[in-house]
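As written, the chains take the letters A, B, C and D, and residue 1 is the first residue of each chain.
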């Protein structure tokens, strides 16, 4: 079995198996094992990047970044989830039946995301993203509380409209390609589309891109299409929040990037950059302000994800080797850091029995390892050194200010507003006299600290191969 | 022959837009559902005609799904929901019908303006089809946005989806159309089930943030 | 030879200021008394007072610290050094380069600093009042003084007093509005710095009005004597400064003969007497002002100093 | 191994103290060991800096495979960095020595020590950085680590809010720096300092960079109105960290400004310099005014730091003005004054923060109104603090005066400038600086007088005991250096001449050859000053007079109750309070500048309650600028927050509107 097939088959098979495996222990172990196997397969895929380009599947330098990141976070989230779900089972928030459903859905979601990433067919990619979305909808509602169902419903409805918009965009791309590339599946194959894009009808591509940007942008969580995101993050199980923020948003972003490439290949089409810059800035600033009035800790970090997706989309919108590099780096760092934050937040919420920010306090006093880990992770996401986000923000802001000072000012406004809010909440959560139960945390801190270590190391030194890889992608993105 | 097939396709697609306007015009839920069934029938006709002129026989499946599922099953289910849940029988509007229709006109104009610059080399059928499809999609969205009842919003979404199917079938030789129409039917079924399960009587709003706010204390 | 002369002049200067300072105070008191139709104490009375104080025993407050005892000598020494560096009768002071005008102002600032601290050492309410008012006065007087220094330095191209004096004596100066303003500012500062009416009244112990006297209220005996000498030296310093800068006539040039120095000394005595009489007249003619009006008074000096500097540029660019 | 390698190793050692502290901090003897290690490493850094300044040689460079991947982390040791390394090393040594003793008073060493060494190390790396990324990385790490140190006393709500304001302001400053380096590096991303120095820029861009640096470095250094975090954060940290923050970290910020504004930027148009001068002198006056009305010992020191930073910025502005006109020798004079003052301020501000820390450790109180009479209980600390206040009040013969004197000499050279605007501005700025200096004297009379003199105002003050020998040794070392800088300023100036030369291309005449250690900044005819002689004369005068008086007149002494015009009150609280002491200045200057208000509550006749008098004052920048800004952000957040509570239909409406807007936009584009 080739690694490409493996990253699809392993989760799919695991999903089927898990649907029938009763019991917490075996389920969690299989889930973890499958995730590990997927990760190994993804790593084995690295040397193959650029060699796989079939009619349905493709692995190039762009999506390999996403695949590896996806499998890694998927693996650590599975590790975190094992401990987390155990606690949920004991406290009775989840039933064993739910659990089977949960694990199956988890692998199905990984399958959907991996498929979306490696598919060479824009129709197939659309289907895969929708699959991933629907599985997460199911998991968001898994607690069956009214709030969880509400959140899932909101996610479902808004997601469906997004799906529809993205589909229309996909159809339009096909219609634009069909006179050039001929009828049938050929006009949906990504690698062909890119080579023929210059001859497509630009007006058609323009309309298509608007629909694709809004459709997939809904999944990315760009304001004002973000509404599902905070609630879905807040009400679902925390491992799923981590996966949503760390992975699903990236996958949707990947789709946007693919179509951006397509647009860029046609000189007569509207430049996609300004649109992305505008949406990105709007998201970053808007989310920054929204952080202030948050009372739920997970919703807080969900808005922070919106902010960061805004920054990433902005960076890709600006384009150029530095901004693209920064965008990729930021995306990677955000995935690692935000999922780390959710791991920590999950432990906190379990210890304190609440997600209300005001009921949590003095964590560094009562739970030093957890508290300082969360502090480091929040500092990392706030763009403080020596973590990786600092490097990407450095690159984005400096390169933008030299080109478009006004845009940089707006971006920085968003960054500062967000920093103010995060710090405010952080100070309350982590310092001062402890509030709430002080029992020691059950969940493993290993996923949290392994992510932090990676983010820390990346902030100081990026390994050569990763850099070469990022730069290749950055050049590809133009 | 080409001109005739073009005219019929054009007529059917235009009919779809017309029915979309009729949907906007309705102020009773039952009549809304009936008009929607009519739209589904027109869509089925349009798809079937496309299947015929493109010689793409799998599209007949799509037409059949449209006919069976959307023209019969879903309207029936929604009828039942309205009865069972004792939903208010009138369409509650946010914006009155007149201005909504005017906005709809604007949306159709927008669609036409957007699709006009397409190069003439393009298949004129596809071009017209796309303009109509875009109109139907936008009108469906408009309906979702300007109507309060959950049922009329579901109808809006399905109307939107009809536009998608029209576009997909109009695109010559597009793969996966059937699969997509099936997937969407499932989606719609889920929504209808959701409406029923969550007992969303009046609008999506009731099963909405209000509960979230209370449980999480987000509301200051 | 030159070195010896320089040292002689420097030593003479130090002795002269020390010897003349109480006399100046006595003169002012005498003139004031005469102007108010009193007979007044003899001019030499301050010398007697100082000697008497020197010989008396010191009564020290119980919680006075070493600071309280060290301060009088420090204040005296700082003031004396400052006074020794202002040319009085001769320009050729051996150590004139030790401190320029800015440093002299700062030396007086040091004296004030320690005096205010000493005032606070015993921990009485009066000491606090005095110190707090003194530093406020200083806060306005010092910048006004420095702006005057700026004016002078801009005119003379130096802050070295001997150079300034030599320049002012030369015909290159002429009459300038700026210098007039600087003179008025300097006079105001001098009045404030020496605790004279209308800023302070050296002859009263009324709570509402005291500044200097409040600070030294706890001092007695030799300590008080040192502080009194320092105060007298400071008065003399200011008169000498005004004389040296604005009326530099008759001062012996560097390296000139004995006769020139004697003449310079006589001229200095005359200037000193004139300054004392003028001060006494001014004090008699004016009323003490409220403490919180003092900033306005000194603010005027500050403004004059600044205006003098700015006008200098205007007249220069004309 | 080059000097730079050694310096980087030492910095790395300081950074490594952080992880080492994790197991060690809570063990007995651990804090002392860690502080000792920090002191050793800092001392070695200081010596290295001194050596690099004294021994002439080409700047050394090094590249490590860290930081930006295609660039690496560039490091460089030149004269300018060496001077600041000297400042950092000396300050770090003193603070760490002090910490050996003071560390025993730390409530939570586990929250101080893991950040303490790295804080020093990060500051060192800022100085060595030779590319924009390394510079900013170290800079921001320095902020972050000091933020953690401010939070050491995290149970105190004031420390929490201080840390919040601090890091937010640091973030704002960093953004300004990012902008500045963005312009410096250009769109192509030439982030290495060598590339930045080589690039060509127009005068507008150059000035914009300078202003951005002024905002970025200025906010860290405490320039008005970006200073608001400083009086909150510096006092909240443990005292030896306060000493580092005020004494050293603000200097690192100034280094950033000097490095960019003088070294990297090349000549800046003359019209940029008035901004720096005005801002500097305004900062000086505002800072010291606020210090004059504040009642918290450590906060007073922090405000005074703002004043000194203002003075230094004024000197830097002056240097920029001279340099813009090609007057390199005079630019060197102004920059020499700035650098000298930087060194001096590090010395006396560290000393005073340590003294305040000693008082805090001995009494547990920081408010002036709870202290008093400590000269009896803590004689050594009191003496050393006296040296500090004399130095900071710019009184001869100590070092504070020497550097301010030098600055005034620079201002007196302003008539040589060709621009009338500068000619008119500089005397005014000089007046403001003189006002600031005089107010500083007033402020420190109050500071010293109320804390150390008089009688105790609380039980805590009455029962204070002298601090340990380590703390005293650190303070004594600083006091000696203050004296050294005051009486032998020529030695210092000659030492820092290479740094000045690097930044301005000029230098002042060599000073070491002058007789009696006299300073002659321009020519002997213009001005000169000899701290050594002044000290000698004062000592001689005081000694002789005392000896003569005791010998010839009387040396009898009797202790008795204080006289106080016949009404001695025994209660310590009958003394002048901090608020009372500042009343004249508050009334004279504070009405608008520090929003000073006094309220009198007079009970009606017959009511036996006492009348009450309260004086208030505050920071106008905080009240007029920051609170409204915070309110605006909060208000906007509240308004936008309604978007969290919309119905699904309305959210769909948002999607719909975005779609329509984009589509309409598309028709326009076509």
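In this text, contacts are C-beta pairs under 8 Å (C-beta built on N, C-alpha and C of every residue); 3 or more make two chains touch, one makes a residue touch a chain.
Predicted model, so just to flag it, every value in this text is computed and none were measured.
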Task: Chains in simultaneous contact with chain C and chain D - done: none
Task: Most distant chain from chain D, judged by the mean position of its C-alpha atoms - done: B
Task: chain A-chain B separation of Cα centroids, rounded to whole Å - done: 31
Task: Mean-CA-position distance for chain D and chain B (Å) - done: 68
Task: Interchain centroid distance [CA atoms averaged], chain A/chain C, Å - done: 77
- [ ] Report, in whole Å, the distance between the mean C-alpha point of chain A and the mean C-alpha point of chain D.
- [x] 43
Task: Residues of chain A touching at least two other chains - done: 153-154, 157, 161, 203, 207, 293
Task: Overlap residues in chain D, where contacts from two or more other chains coincide - done: 638, 641, 644, 646, 648, 652, 655, 659, 663, 666, 670
Open item on the list: I need the residues of chain B touching at least two other chains; which ones are they?
Closed with: 114, 117, 141, 144, 204, 208-209, 218, 220
Open item on the list: Going by the touch rule stated at the top, which chains touch which?
Closed with: A-B, A-D, B-D, C-D
Task: chain C-touching residues of chain D, taken from the complex the two chains share - done: 372-373, 375-376, 379, 382, 386, 390, 393-396, 401, 405, 408-409, 411-412, 415, 420, 423-424, 427-428, 430-432, 434-435, 437-439, 441-442, 444-446, 448-450, 453-455, 516, 518, 524-530, 533-534, 537-543, 545-546, 549-550, 553-554, 556-565, 568-569, 572, 574-576, 580-585, 587-589
Task: Complex contact set, residues of chain D against chain A - done: 65-70, 132-133, 136-138, 140-141, 144, 151, 154-155, 157, 160-161, 163-164, 167-168, 171-172, 175, 178-179, 181-183, 185-187, 189, 191, 633-634, 636-638, 640-641, 643-644, 646, 648, 651-652, 654-655, 657-659, 662-663, 666, 669-670
Task: Contact set on chain D toward chain B in their complex - done: 638, 641, 644-649, 652-653, 655-656, 659-660, 663-664, 666-667, 670
TODO: Report the residues of chain B in contact with chain D in the complex, numbered from low to high.
DONE: 94, 107, 110, 113-114, 117, 138, 141-142, 144-145, 148, 153, 203-205, 208-209, 213, 218-220
Open item on the list: Could you list, by residue number, the parts of chain A that touch chain B in their complex?
Closed with: 123-124, 127, 130, 145-147, 149-151, 153-154, 156-157, 160-161, 163-164, 167-168, 171-172, 174-175, 178-179, 182-185, 187-188, 201, 203-204, 207, 231, 234-235, 293-296, 299, 355-356
